[in-house]
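This is the structure I have questions about; it appears just below.
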């Protein structure tokens, strides 16, 4: 049942402004490629670390955005539908937050 | 109006198992005091850093727990009540998550 | 031998401007106490999370400062003394950094 | 002079086991591409967040490894050479650590 709800959401476009995410993620791919190139060319270590920090920040921004969308759509919908589904969704979300925060 | 809702929740015990948090936070205070003592006694730097990491983890665990309670109570209640309140609550929560994740 | 070096440093005041750290750590203890009080008084969850983030930042600043002192004193001294001691110190330091970064 | 030292290191292969890093970074690029694909296909939000956390961990591991190499080579070399160079290198390194830890 949770599984079903999951699949349903997966195909129902919970992501607000998907193109914004796709653009950001393309940029993130480019950043990852750039870091690979910096190591290949043995750029100065500190400069590589700076790029790694920037990439992590970009990932955090995507993660927080997706989480916002998830809470706004999946969790609110589940809360409105009633039943235990909202609790399941929130547990999933806080587990994901715990992994991000670490 | 949001302000009102806030105050209301603040006094309505949204925290599940408050004693658990109070115990953990007392332990966190003790950890902070212990780190102060380690610096005062000039303990080995690396050992102090280990205690700082442990304290940060303890704080993250409290933060994620509080966030879970907040989503389960405030956000779900707001979602059920309908209107824009749920969006406001979610925006607040994701801003708080962004600060935790950084 | 490493153990010995450790003990030696522990009593040799590797910390530059110890009072600065003690003051910061006293403030950190106060912040921890404040968060305990906020939970006891059931303050608004989001406000508590904000204080937890601030406390984590304060801890990070102390950790980075101590690490700087450690590298400047212990690691540089070990490097100058020659031998494998510097590698041991650096391994310790990077392990500590890994725990902080997580 | 610092600039010179920097450039020198940049071309002198301070990175121990460069291939290991290049392989890891290629995998990281693949992870970034995978996350892009997950968003494009609107996979379940929580699963995307899990992959983002995994990617961040992989980046942290690379960063800590590079930092270890940097301390082992550049900082130790500078310490042995004497003069203020070691302090400059350590300041750079702790600034980089501060950005990683945030």
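Letters A, B, C and D name the chains as they come in the text, with residue numbers starting at 1 for each one.
Here is the rule we use: a residue touches a chain if its C-beta (ideal position, glycine included) is under 8 Å from a C-beta of that chain, and two chains touch if they have at least 3 such contacts.
Everything numeric in this text was worked out from a predicted model, so none of it was measured.
*Asks:* In whole angstrom, what separates the CA-based centres of subunit A and subunit D?
*Replies:* About 21 Å separates the centre of subunit A from that of subunit D.
*Asks:* What is the distance in Å between the mean C-alpha positions of subunit A and subunit C?
*Replies:* 30
*Asks:* Which subunit B residues touch at least two other chains?
*Replies:* Counting only residues that touch two or more other chains, subunit B contributes 60, 63, 67, 93, 100, 102.
*Asks:* Going by the touch rule set out above, what shape does the chain contact graph take here: line, ring, star, complete or other?
*Replies:* Per interface graph, the chains form a ring.
*Asks:* Taking the top-of-page definition of touch, could you list the pairs of chains it picks out?
*Replies:* Touching chain pairs, listed by label, are A-B, A-D, B-C, C-D.
*Asks:* Applying the document's contact rule, which stretches of subunit B touch subunit C when the two form their complex?
*Replies:* 6-7, 9-15, 18, 21-22, 25-26, 28-29, 31-33, 35-36, 39-40, 42-46, 48-50, 52-53, 55-56, 59-60, 62-63, 66-67, 69-70, 74, 92-93, 95-96, 99-100, 102
*Asks:* Which residues of subunit D touch subunit C once you look at their complex with the stated criterion?
*Replies:* Touching subunit C from subunit D are residues 60, 63-64, 67-68, 71-72, 75-76, 79-80, 82, 86-87, 90-91, 93-94, 97-98, 100-102.
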